[in-house]
Structure formats: C-alpha cells, structure tokens
Amino acid sequence: MASIEVFPNPAPHRPFVIKHFTNEFTSVCPKTGQPDFATIELEYIPAATCIELKSLKLYYYSFRNEGIYYEAVTNRLLDELVAACEPAWMRVTGHFNIRGGIGSTIIAETGPKPE
Amino acid sequence: MASIEVFPNPAPHRPFVIKHFTNEFTSVCPKTGQPDFATIELEYIPAATCIELKSLKLYYYSFRNEGIYYEAVTNRLLDELVAACEPAWMRVTGHFNIRGGIGSTIIAETGPKPE
Amino acid sequence: MASIEVFPNPAPHRPFVIKHFTNEFTSVCPKTGQPDFATIELEYIPAATCIELKSLKLYYYSFRNEGIYYEAVTNRLLDELVAACEPAWMRVTGHFNIRGGIGSTIIAETGPKPE
Amino acid sequence: MASIEVFPNPAPHRPFVIKHFTNEFTSVCPKTGQPDFATIELEYIPAATCIELKSLKLYYYSFRNEGIYYEAVTNRLLDELVAACEPAWMRVTGHFNIRGGIGSTIIAETGPKPE
Amino acid sequence: MASIEVFPNPAPHRPFVIKHFTNEFTSVCPKTGQPDFATIELEYIPAATCIELKSLKLYYYSFRNEGIYYEAVTNRLLDELVAACEPAWMRVTGHFNIRGGIGSTIIAETGPKPE
Amino acid sequence: MASIEVFPNPAPHRPFVIKHFTNEFTSVCPKTGQPDFATIELEYIPAATCIELKSLKLYYYSFRNEGIYYEAVTNRLLDELVAACEPAWMRVTGHFNIRGGIGSTIIAETGPKPE
Amino acid sequence: MASIEVFPNPAPHRPFVIKHFTNEFTSVCPKTGQPDFATIELEYIPAATCIELKSLKLYYYSFRNEGIYYEAVTNRLLDELVAACEPAWMRVTGHFNIRGGIGSTIIAETGPKPE
Amino acid sequence: MASIEVFPNPAPHRPFVIKHFTNEFTSVCPKTGQPDFATIELEYIPAATCIELKSLKLYYYSFRNEGIYYEAVTNRLLDELVAACEPAWMRVTGHFNIRGGIGSTIIAETGPKPE
Amino acid sequence: MASIEVFPNPAPHRPFVIKHFTNEFTSVCPKTGQPDFATIELEYIPAATCIELKSLKLYYYSFRNEGIYYEAVTNRLLDELVAACEPAWMRVTGHFNIRGGIGSTIIAETGPKPE
Amino acid sequence: MASIEVFPNPAPHRPFVIKHFTNEFTSVCPKTGQPDFATIELEYIPAATCIELKSLKLYYYSFRNEGIYYEAVTNRLLDELVAACEPAWMRVTGHFNIRGGIGSTIIAETGPKPE
C-alpha cells in the first residue's frame, strides 16, 4: 500500500469540510480479472491533520492492479484513510461504471455528519 | 423467478449504503400486452449479506415477458429482494416511461432510511 | 368532469409513493380566453385505492376548454383527486408556462408528507 | 382558419432570417380523438412582408380542436404561412410528443435554404 | 410605485405555495448609473388574497429606471409585496448578473417557511 | 415479422423529412442470450407513402425476443422499412447501451441525404 | 444614439473573428409600451478597426427606453455597427424572450461568412 | 492585504442571506510555485454592515501572487471577511481546479446556518 | 498486443458507419510513470469485416500498463485497428483527462470521411 | 516569454489534429490594470514537430501579469505558437469572461482548416 501522508490542520480553531474527488480510480474484478473504473468522492472533517493531495493520488493509483469488489474497496478506502489522518468525520463514495447494464454506488462513512 | 444470489457483507463493522441502478428493465402491461420500460434504482443498507450483481441482472431480466402493473412490480421487487438478502433497510424506485403523455415513478421502501 | 377510476392498492402492507407527471395539461385563461399550458406533477401515498392511469389522462384532458385560474385549477385538481382515491397523502404541483415574462408554479397538498 | 396578418419588411435592403418557436401547439388525433402536443419552429427569410407575432399565436391556437395527422399539419402550416407572407424561403419543423414510446419530428420547407 | 393588485384566495381551506419567477427585472446602479439585471423569484403562502399576475409584471417594470442597490431592492420588494397581500409567509430571491467577475444572490423572507 | 403499414403521403407536392425515435428497442444477443437495449432513430423522405406510427411500434416490438447483432439489426431495419414504404431516402441509427464498458452506434442509410 | 468607438485592428496581417454576446439588451415594444428583452450576439471579421467594448455596452444601453420591433432593431444594430467599424463581414443575432408563448430569433448579416 | 469595505445594512429589521460567487480566484501553490484556480462562494447573513462588492473583487485579486494551500486560503478568507463585516453567520466555499486528476472543495463556516 | 478479432460484414451491399466509444481507456505516461485516462471514440466504415466488440475491449485493456504519449497512442490505435479490419474509412479520437490544467484531444483518421 | 518546447511528430505518415484547452488562462487589462480570465482552445495539425504539454502550460502562465487586450493576445498566441512548431495548420480561440455584461470570443487561425 502506498503511504498516505498528512500535514497539520491549518485551521484547528474551527471544524471545516474537505472534499476530494477523482474520476481516475481503477482496480480489477477478482472474479473476471477485468478492470473496474470508478469515481471516488472523499469528504472529511479534519482533526489534527489533513491528507496531502499528491500522496492521495499515489494511494489511489496503488489499487490499479489489485483484485477487489466494489463493497470491499469502498470500505477499505475508508478504513485506511481514517487510520492515516484520524478525522472528526469521514465519508467515501464510490460510483462504479456500468457492468451488465447496472451502475453501482457504494457509500461508507464513520457516522452521521456533524451539523 | 430467477434466483437472487448473495455474498457475505465484507464490512459488517459499520452500516453503509449500496445503490444499483439500471435503465434496462422491461416488463409487459397486463391490460394491453404492450411492453413497459423502466429505470430501476435499488438502494439498501446490508445486514449479513449483499446482493450479487450478476444474479441481480438476471433477476431483472426474468420480468421481460411477465404481465404486471407499475405499482405491483415495484412492490414485488422490494418484497423479493428483501427476502433474498434481509437488509437493514431497502428502497426500490421505478421510473416508468411515458404512456399516454404521462410518466410515472413508484417508490417503495421498508421504512425511513436510518441516519 | 371526466370520471377518475381507481383500482385496489396492490401493496396495502406498506406505505409507498406514486408520482405521475405530464407536460400535456392545457386549460383556458378566464380573463383573456387564451390557452394556458402547464406541467402537472401528482404525488400521493395510496390508502385503499390507486388512480388508474388512463382515466387520469382523460381527466386532465377534460380541462382543455375550461376557463380557470392557476391557483384555482391546482387546488381543484387536488380536491377532486383526493375525493376519487382518498389517499393517505397527496400533493399537486402545477408549473405554468411564461405569461408576460413571468413563469408560475402552484403547490397544493393535503398536509406535510409523512416520513 | 384564423387570419395571419403581415407587416412591411423593415429591412428590404438585405436578406435576413426570422425564427419563431412555440411549445404551446396542440391539435387532435383524427383517429383516436385524443389531443396531440408539439413544439413548432418556424424559420423564414422575408420578402416584402413579415408575419405579425400576435396573429401567428392566434393562428396556432386555431388548431386546438382540429383533427389532423403530424405529416399533414406540418405541411399545411407551411402552405398557409407561405400563402400569407410569400417569403423568399420558409421551413416549418414540428416536434411531436411521445406516443406509444415514439417521438416524431416532421420538417417541411420551400426548398434549400439560400446561403 | 405601480399598484400591486390582489384577488381573493380561491382555496382558503388549505395553505398552499405560489411561486412566480421572471428573468426580466432591471434597475439602475445608484453609484455608476449603469443598468443592473436580475432574475427574481417570488414564493409565498397566501392568506386572504393572492397577487394578480399582470399587476406584478407592471410593478417589476416600475424599477426599470430606479437607482437602488441589490440588498436594498430585494428587501424593498419583500416589504412592498407583503404590504400588498399580507401573506402567511413570503420569500424574495434576487439573482443579479455578473459585475466585476462576481455574481450575487440576495434572499429575504418573512420568517422560516411553515411545514 | 410484424407488418409495417403505410398510408398515402399527404404532401406529395414537396419533399419533406420525417423522423421517429424510440428508446424502447430491445433484442437479444445471439452469443450470450442476454437482452440488448437501443435507442433507434428513423429518418426518411417519403415518396408515395408514409409509415403508420402504431404499426412501427409493433414492428419494433417484434424484435423483443430475437437474437441478432448490432450491425445486422440496424441494416435489417433499414432493408425492411425501405421495402415497406419505398422512400426517396432513409437512414436508421441505432445507439446501443454500454456492454463491457463500450457503447456503440450503427448508422445505415440508402445513400447521401438529398439537399 | 450613443457613440460606438473603435481602435486600430492589432492583427491586420490576417483575417480573424471577434464575437461579443450579452444577455442584457432591453428595448420597448412600440405597440404595447412594455419592455422587450433579448440576448444579442455580435460576430464580425474586422478590417482596419475593432469595436471598443465599453462603448458597445453603452451603445446597447441606449436602446433601453426606445420603442422598436424585433426585426427592425436587429437590422438597425447591424447597420449602425457596420457604419462604425466598416468590417470585412458582420452578423447580428437577436434572441428575444417569450411573448404570447412564442420566442423569436432574428439573424442579419452583411453576406455569407468568408471561409 | 487589500482593504474590505463595508456599508450599513439596508434592512436591519430582518435577517437575510447574501451570496457572492466568482470563478476568477487565483493564487499560487507554495510547493510548486504554479498557479491555482478556484471558484469561491461567499454566503453570509449580515449584522450591522454588508460587504461592498468592488472592494471584495479587489480583495480576491490580492491573492493573485500569494503562495498558500487550499485548506489555509479558504479559512483565511473566512477569518478576514468575518473580521471586516462581523456578520451573524458566514460560510466560504472554495472549489479548486483539478490537480493530478483530483478536484477539491473546502467549506468553512462560522457555525450552523440559522433557520 | 491483444488480438483484434473480426467477423464478416453482415451488410456488404451498402456502406454504413460503426461507432464504438469507451471512457475506460488508461495507459501510463512514459515520462512520469503516472497513469493517463482517456475516452476513446472509434468510427469506421467496414469493408469485408467488422471488429468484434469483446476483442476490442481486451485490446484497449492491453494498454493499461504501457508507457506511451497521447499523440503516439492515438495514431497507434488507428494503425493497428486498420490493419486488423481493413476498413473503407476509420477515425480514432482520444479525449485525454486534464493534466496541468490542460485537457487534450487527438484525432487521427485514414482520410476524409466519404459522403 | 517562456520557451515553447517541441518534440518530433510521432506519426508523420498522416495528417492528424491535436487540441489542447485550458480554463486557467489569465492576463491583465492594460487600461484598468484588472485581471482578465479566459478559456483558451488550441487546435493544430502538426508538421515535423508537436508542442510539449508542460512547456505549453508554462508559456500560458507567462501571461499572468502581462497587460494585453483580447484581440491582441489571441493573435500573439497564434503567432508565437506557429513560430515554435511550424504546423500545417493552427487555430487559437479565446473565450474571455464577462466584463460589463458582455462575454467575448476571439478566433484566429493560419487559414482554412484542411479537409
């Protein structure tokens, strides 16, 4: 797994929301060996640290040749990103391209979004 | 009825949302014998099991030559998909193509969506 | 007034939402005698009966040569459709085409939408 | 038939293009007696006269209760509008709402559009 | 100021929502003397009376050569329209065209919208 | 094969264009037995006869359980529709839904569209 | 009439195209005295001079309280703008807001656009 | 830092919402020295004063050659704009252009938006 | 290189157009080693053979870990696809995702598209 | 001026089209000193060399603090880019943000685009 780097939260005096989205996520279907493609939305409220953008890009790229299902990869992204930056709240949404005429979206979060 | 297959929830440590949508649902009007066409959105929070995507596709295809009304088919989809995977929550939305200048949407769910 | 036909609710074991929309509603302005055009959205939660789609189309067509104002016609649609199917909840929304540079929307419902 | 009024071309020193479109055209299907709805685009290059806008609106309204097919009404609009203003060139395009899952467009013109 | 006319609420037996929007509002900047352009959305729940549409159009037109700022005009529209029809609730939203690379929206209402 | 009915061209005094489109075309993949879905655009310039709309709908429905490839079905539609109405010109365009991450469009016509 | 200022063409060594569009054009209907609103597109190939942008804005504003018909104003804009900058080619397109359910576009140009 | 000017709230008798958005914000990445581009949305409920629009434009322009990260700049905008006008509530949203295949949005506010 | 399979043209009696597009093409930048992502449009007029869709998918997938520039990959796709099916005409268009704030499109074809 | 780097055309055996677009171009108005913002589209058919993408980005960035008018900057981009890569054909299109309610587009090219 590529290392997710963090930097100190520049505004620890208030909660605020950070969103990063990419339409360049690709992994491999473990059953068929065919590539899967997804748009990944990451939303979080930082605590002490924020996720560094370039390391996030490389972390996403590390899934390129890995075989993993939609439901598993979305939850694993959440688990590993939470572990890296220990946020006040985080949500990961994966929009997976159409397969067999069906498009899929998986949404995992650490809990209800604080007001 | 085609069999709906399930697999173990890969992230039972948290509730999360799964959505599958298709614009390839077709059945037959029981009154006129003419085909109906719909976009079906399925949303659920899994409990112990998740719905396998290829079996979902085949399940949808099993309605291709069946005569059934909008309100009935949407509720039957919900009943059968709930029976198959026993989710924490589920909603089925059917957007039916224009007939007689009128488009229709039917929304059935097991209860209010948990926060 | 054209008769609005109903049929027994095929899923009385749960509340669910039905929406019908048409962009083919036309009536006549009582002041100018000129035609008015609207998109009508009908949303309801059925109780014992559902509205039959073809009779709804004919009911809408019955306003074609009737002189009636925006606010009045939207509320009359609600009154008559409620009388016909006695729903758990119903809302009628009329989007009326631009007249004098102003477009109008009227929204009438039987009460707050149940959760 | 409502009278189509014209006024003198205010710029006879050059050819120019006039377009009028409406999404408020409705007539009646001669076979079923049900209303048809269309968006009508009128494009022309005037010669000595231009079509007066309010009379065009009333002319369109005169089809409201007339039974006529798509192909016939589009060509009749062209014939009658040409007769009224004798343009250098004219095209009528009718976009008819979906019936039986099929939407239709009819395009009739007096000849190729001049450069 | 143009007179805002009202007519009796045709459905006093239930609260309902009326919306009127126009993209034809223009006034003058009091600092530069240059025209300002806005889209105005008016939403209200009538009490005893409703606003007559043609008088609303003329009322909007009365600002055409008046010098007034964004924040002031939106609140004045609300004050004067409330005075004219004494609604149960009213909101005025002004979307003002881009000036200096910045677009602006002002939203004023009489209080929270009733459920 | 369902019969394609025609009626006499109501405007034989000029060439004009007729377009019919539907997003309700479905056939079966001969290799996998799975349904295919397409949007079909039909454009033609009639000669002596025009295609009757209801028979066109039934003709499209007749492919519902037929196994045929994209390239073959688009050309067969053209061949059979040309045989039925002997037009001055005709084009059939099939937009087929995504399979294996690839969407496909097939365009067949009787020759260049006349000016 | 506001003065249209010009400046020397900065690239006289090649023909090139300049387009200016605004959705802030308003004049007055000479028949009803009501305001008209339009989007104006100006396209031209300069010869020795180009139109200065701020004077174009003021020129457009000078029509604010002038009574003039769609067809006349579009051609007058072309005549006066051609007189001001003597271009190699020019086209003026006016898209006028919906009146009586009909939207209008007028296109006037000095001749076919050079390749 | 450019000075942010304010003017007295013209409607202190009610709370209302002001939004200003621009797609012309640019700063410099402190790590690479390359320009960053963003769309900035500012929303607030004024107390005694409102932000003057031209000074806001100049304030945004003052970041043009400043090196600062996404998370820091969004929070600094909020801090400085709050200090300038002491609003009842304020939110700043920065939508930053795609870098390395990832687009980012940062949302900072003074607290929950009042009802 | 994955093998591109072909099948006999089912309609050799007329020229017709085939288009296949995918938003799931990815290769690697030879300079940075970072992934590139593109939407690829393939258009051709077949001669004796057509490209089989599943083999096309696998052929595209074979570029997944290959280092190649935009201009080179688009032309290589054209060269290899022409060699595989020897079409009457072919065009390949690659729309490459934004890098450094710049999006790129490369269009290569065998010659002008026949009428 | 930043140096525009080129690399050998990888497909000199056929003419093909390259397009690069960015919405991150900014310069300064020479009259007011205020920033201008534009989307720049570059299209060309290479001869012996192609423009290197990173140097193009830096070249665009070099205009960031330069005072220059719309018409001049678009033609200067064309002159300098032609000088750098000596293409078979090139076009530069600048879409400049709204100023004074008017948006502008300037299109300069080396001559008609070859078939």
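Each chain gets a letter, A, B, C, D, E, F, G, H, I and J, in the order it is written, and its residues are counted from 1.
Just so it is clear, contacts are C-beta pairs under 8 Å (C-beta built on N, C-alpha and C of every residue); 3 or more make two chains touch, one makes a residue touch a chain.
Not measured: the values here are computed from a predicted model.
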- [ ] Select the interface copy of B-C from among D-G, E-J or H-I: the correct pair shares over half of its contact pairs, counted by residue number.
- [x] D-G
Task: Between chain C and chain D, centroid-to-centroid distance (C-alpha), Å - done: 31
- [ ] Indicate the whole-number Å distance between the mean C-alpha point of chain F and the mean C-alpha point of chain I.
- [x] 27
Task: Two or more partner chains touched - positions in chain H - done: 23-24, 34, 37, 97, 100-101
Task: All touching chain pairs, where touch follows the definition stated at the start - done: A-B, A-F, A-H, A-I, B-C, B-D, B-F, C-D, C-E, C-G, D-F, D-G, E-G, E-H, E-J, F-I, G-J, H-I, H-J, I-J
Task: Interfacial residue positions of chain G with respect to chain C in the complex - done: 34, 37, 97-98, 100-101
TODO: Could you please specify the touching residues of chain E with respect to chain G in the complex?
DONE: 23-24, 26, 34-35, 37, 61, 64-65, 97
Task: For the chain H and chain A complex, residues of the former touching the latter - done: 69, 71-72, 74-75, 99-110, 112
Task: Contact set on chain D toward chain G in their complex - done: 9-11, 14, 16-24, 46, 50, 53-54, 56-57, 115
